[in-house]
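Shared chain: subunit A. Partners: subunit B in the first complex, subunit C in the second.
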Partner chain A sequence: MTFLEQIKSDFNLYTAQASDDHFSRLRKEAFAAFEQLGIPTTQLEEWKYSNLRSVQQGNFTTSCVSNLDADSLIKAGVLNTIESNKLVFVNGCLFPELSVWLETDERIKICSLAQARKDFSSIFDAHFGKYINFSKDGLLALNTALMSDGAFVFVPEGAALKHPLMITNITDANEHALFQQPRNLIIIEKNASASIIENYMAVGAYTSFTNVVNEIFVGENASLEHYKVQRAAGNTYHTNYTQLHQLANTNINQVTLTLDGQWVRNNLHFFMNGENCNSLLYGLYIPDGKQFVDNHSRVDHAKPNCFSDEKYKGILKDEATAVFNGKIVVHEDAQKTNAYQRNQNILLSNTATINTKPQLEIFADDVKCTHGATIGQLDEEPMFYLRSRGISEQEARRLLLNAFADDIAEKIKIPELVAILESEIERKL
Partner chain B sequence: MSDTEVGIIDQIVTQEYKYGFTTNIEMETAPMGLSEDTVRFISAKKNEPEWMLAWRLKAYHHWLKMEEPNWQNFDYPKINYQDIIFYAAPKQKVQLDSLDQVDPELLKTFEKLGISLQEQKRLTGVAVDAVFDSVSIATTFKEQLKEKGVIFCSISEAMHEHPELVKKYIGSVVPQTDNYFAALNSAVFSDGSFVYIPKGVRCPMELSTYFRINAENTGQFERTLIIADDDSYVSYLEGCTAPMRDEHQLHAAVVELVAHENAEIKYSTVQNWYPGDKDGKGGIYNFVTKRGICEGNNAKISWTQVETGSAITWKYPSCILKGDNSTGEFFSVAVTNNAQIADTGTKMIHIGKNTKSRIVSKGISAGKSHNSYRGLVKINKKADGARNYTQCDSMLIGDKCGAHTFPYIEVNNNTATLEHEASTSKIGEDQIFYCAQRGIGLEEAISLIVNGFCKEVLNQLPMEFAVEAQKLLAVSLEGSVG
Partner chain C sequence: MISITNLQASIEGKSILNGINLEIKPGEVHAIMGPNGAGKSTLSSVLAGRSDYDITGGNVTFLGKNLLELSPEDRAREGLFLAFQYPVEIPGVSSTNFLKTAINEKRKYHGLEPMEATDFLKFMRSKMEEMEMDKSLTSRSLNEGFSGGEKKRNEVFQMAMLEPKFCIMDETDSGLDIDALRLVSAGVNKLRNSERSFLVITHYQRLLDYIVPDFVHVLYKGRIVKSGDASLAKELEVKGYDWIKQEVEAAV
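Presenting the complex of A and B:
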């Protein structure tokens, strides 16, 4: 069976047992859209540099069966030393044994998406699928039609998560090639706040394809820390679509660290649908070997007086390829917008490739927007400075590269996590 | 804004495009529409050699298989290629030897445009090739140039007199199959300029082509080919205007530049096609393919453009930096007002070692217009030590316009150093206030600020053109505040 035939048969299995409610109708619509759009190809401008053809050759299973026990999962990368609430998904299904719950505020609801649909259906229906538009994105449509499980987070008006929530997704490809489509729905209501970590890990030698969609709603005056840590080593394909819908006076700090993964594509879309929003987007990618990392971001300034700052940094080794595509769209009414965007890359080998495309689309006049991109090697001057103080070339390089990377890692406001990540960055460099 | 200011602005907004007149002259045209016969008709009219016709037909057949591009971020009504006259020429019977034989009506037209072909004879400095609708009318200073060995003539003339050069270079930089509009041009191009600078010659004067669309329902498809042999230098200028018409007219030109070892080509454009009226009715579609290749080591190609006209400008003058140590430059000012659209930029393809490129793009949008910078900087695997610096700044005047930047940067070599900077901002209120304090009116203040904003680019233009360009900027932006 080809990949597409398999998807089709999976969907037929689903429709056979689905009831006729809003949710299943949406999924049918999404599947129809997927059949129109298909898996994106390099013919599409947005996918010009990102080729997903090879993954479609695989013979995948979508079952979440795994033989891993709690101990081996912890070894695989559930960061259990960090004091946080935890949800662990293995091959797309919740692994309750490792879930940790530290909050005392009972109004906060955190559970699997499947359970939320039963227990909190009114909240679920009010938000699910409301912030994304799958009619133009094949993978988004596919996820909506055939999603596996994922996290549901509801922080009601005025509530605050005391501890961060870590959502860990572990791919176990020890037994067979795997295709999974995690889907998370995060709702932070008015005056609420939360800190959420997405942690992606993988074990096993088979190929895996993970197509994630995050829908995040941030209500008025709310604030969100959102961190994405991608460390899925091995033969992994990972596509991640994160949509953040912001209302007025919201603050979001979003950090994406791509430390491992054979083929990674991140789509990050901020939609500022209210005044006085602050959005910070930071990213770091360190691909080596033949790894491929593509960061696509889009920031929509739809209302006046919003601020966004984006900084993505990359260090490329070996035959790695990276893509950066940042787009700032300032809508007609969005006067007094301030938007900044930077992409800085260091190429450590002459077989590495970087394609960068920082874009601005501006439809208002009273704005300040800048973007910049640099590509090069390590700066000679600081290198010379360090060497002149008796530091060896190797040590000086290490120091400079770490400083370059830490600039982004430091944006994460959880010191224990930063410490773990910094040591991993150092190992990778 | 006060009432008097609004009044002045209204007055200026209604000011009309000043080159919008038409010339009554007997024309010879091809039948409307495009078919293989049209291509054969044009080729026969020009009395072209067989290989040229074959070349055109190859382009035509390829064009039939292509689709009009649709990746742009603007819409325009589809062009019906059967409603266009692909060839229009003032009737003339014999080959002209001197300006005195040119139809006086034509000379008057060019005089009205400020390009006096007669005067050129007396004033030294610029040699002009005047292209009216589809054909070259007259080329001045031919003799003086000939002494130096410089060939400057229309491309149809070159086809007869220097077939070996034309055959060797035509389509070598922009192949017939390059893109939709280049293929169309290759099939139906009617005329254009041809320049050849021999080895070691520094062209003694600026060369210039002036394009004029006159006839109704025509498209203008000219093709320019400039070859600078080893150690030579040439500076070339082009200017253009068109009458005001309610329907859109298509201008799909191709420009090819070849710079050999140590040669330098400087290509400047002041584009002032009719931009359409303030509601976007009429105007020229300026869909042009311009590309230069630095074939030899240490070659240099520099593009400078001031784009103020056209309903839609869609062009990307590019440099292929093939020779080691070669340099590519792109300086651009694009001003859009009313309903105009400009989507312009450049491509710098670094292939040779230690190649350098510099891009300075200034976009100014006013009214309901949209102005985009779209560019590519590509560093190939073997282009060690490549260097690029890109700066694109946009200025917005009024709250209904748009400014966009789409830079593509592709790097396959770790010894490359690239910098890209872009900014978008509103015209400075404090600057206007400062001018107002000193008794400088709003319109004039904007003109001053815009000229300052563009200075880096305007400085690249040859002097005669720089003055014209500055005036043009002022005119295009008149009535943009309000």
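Presenting the complex of A and C:
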């Protein structure tokens, strides 16, 4: 059975037992869209450098069965020292023994998506599928049609998460090749706030394909810290679509760190649907070996007086390849927009490749926007300056690369996470 | 201290230094002056170990070692210090971390244990007081956003911290107003002693009003064409470089 045949058969199994409700109708609609669109190919402009052909030819199982037990997961570093609420998913299914719950405000709801559909159906139905548009994106459609489980986060009006929430997804490819589609729904209502860490890890030698979709709603005057840490090493293919829908006076700080993974494609889409929004998007990628990392982002300024600042930095080693494609769209109404975008890359070998494309599309006439990209090697002047003070070449290189990377790591507002990441960055360098 | 014999260097096939001879003893301050393009900055770069230049002849002995065979970091660890004409801004590297790394790498080279963090901070504080450095300068990233004067003062502060034996000042006066020049010179004068030698490279005489040299040499077309005491600098200030150029051309 080919991958596509398998998807079809999985979907037939689903429809055979599904009741006819809003949720299942949406999934049927999404599947119809997927059948039209398929898995993206390099024929599409947005996927020019990102080849998923080997996934198409893969023979995956979608069962979340895993032999991992809580002890081995803890040993693998799933529960770290960060004091946070925790949800752990293995191969797409919740691993309830490892959940950690620190909040005292009972209005806040955090559980699996499957649980939320039963227990909080009115909130679920009001938000699920409302912010993404799967009619033009095959992977969004596929996730909507055949999602695994994921996290549901509801922070109601005026409430605040006292501790961060860490959503950890573990790929266990010890037994067989795996296909999973985590789906997270995060709702931060008016005047509420939350800090959320998405953490990806992997074990096992088989191939895996993980297709994540995050739908995030941020209501008026609300704020969100959102961090994505990609450490799923091994033969992993990972695509991630994060849709953020923000209303007026919201603050979002989003940081994406891509360290491990054979093939990673991040899609980040901010839609600022209200005035006076602040959107910060930062990213760091350090691919080595034959890793491939693609960061696509789109920032829609739909209303006036919003600010966005995007900075993505890459350090590429060995035969690694990276893509940066950032698009800022300033709609006709969005006067007094301030939007900044930068992509900076350091190539440490002759065989590393970066394809970068910063883009602005401006339909308003009173805006301030800048964008730019740089590609280079480690500068010789700072190297010589440090060496002339008695610092070895190796140590000078370490200092300079760490400084380049720390500029992004320090955008994270959880000190324990910054410390963990700084040692991970050190490992990669 | 340092003995330079018939030093020749070129860049991209173009000969810049054409046989420099210079002997500097402990505690001496030598000034090198000369018109633009004479090779002044090339001399400082070659001595500090910048790799852009090809050494085509001659040798340099520094405290008994063949300087030209040492890496830039080993030259520094042996006690050579170059105060840059254009100190480099290094965002993200804190001045404190940078100095601690530099000092401990030097200690390691000499077989010493790294300095304890508290000892280091004490040492740094005392040097900051001595050199009248503003605290805010050392808490920031290395040279980032510093004014021209602050950068040059920071070079002299690094000199105080690293305690070199031989300091090269490469056009330290360039881009400084008179107040900054005074502050920087005062710092240098505090570091003068009977053991430490200086090579002060400058286009203008005014720096030498503050850092008074024992010897002045004029560099022209990659050679030292005239040497004298501090009065030679005054003479150059009045007469410019043309008379020296004429003397040299006449001798040829």
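One rule holds in what follows: the second predicted complex is superposed on the first by the 427 of 429 C-alpha atoms of A that agree within 3 Å, B and C clash if a C-alpha of one lies under 4 Å from a C-alpha of the other, contacts with A are read in each partner's own complex, and residues count from 1 in each chain.
Here is the rule we go by: a residue touches a chain if its C-beta (ideal position, glycine included) is under 8 Å from a C-beta of that chain, and two chains touch if they have at least 3 such contacts.
Everything numeric here is computed off the predicted structure, so don't read it as measured data.
When both complexes are overlaid on subunit A, subunit B and subunit C end up sitting side by side without clashing.
Applying the stated contact rule after C-alpha superposition, one finds that A:Arg387 touches subunit C and leaves subunit B untouched. When both complexes are overlaid on chain A, the residue A:Ala177 reaches neither subunit B nor subunit C.
Of the two partner chains placed by superposition, only subunit C is touched by A:Glu395; subunit B is not. Subunit A has more of its residues touched by B than by the other of subunit B and subunit C. With both structures placed on the common chain, the touch criterion links A:Asp406 to subunit C but leaves subunit B unconnected.
In the superposed model, A:Asp365 makes contact with subunit B only, not with subunit C. With subunit A as vertex, the superposed Cα centres of subunit B and subunit C define an angle of 70 degrees, given in steps of 10.
Applying the stated contact rule after C-alpha superposition, one finds that A:Ala114 touches neither subunit B nor subunit C. Applying the stated contact rule after C-alpha superposition, one finds that A:Glu45 touches subunit B and leaves subunit C untouched. Legend: residue contacts after superposition of the two complexes on their common chain; A:Thr374 is shown touching subunit B, with no touch to subunit C. Within the superposed three-chain model, A:Asn355 lies in touch with subunit B and out of touch with subunit C [touch as defined at top].
The gap separating subunit B from subunit C in the superposed three-chain model is 15 Å, by closest C-alpha atoms. Within the complex formed with subunit B, the subunit A residues making contact are 45, 316, 332, 335, 345, 347-350, 352-377.
Interface residues of subunit C facing subunit A in the complex, by the touch rule stated above, are 48-51, 71-73, 75-77, 81-82, 84, 87-88, 90-93, 97-98, 101-103, 105-106, 109, 141, 158, 162. Every residue of subunit B that touches subunit A in the complex is listed here, in rising order: 71, 73, 381, 394, 396-426. Subunit A meets subunit C in the complex at residues 381-382, 384-393, 395, 399-400, 402-404, 406-407.
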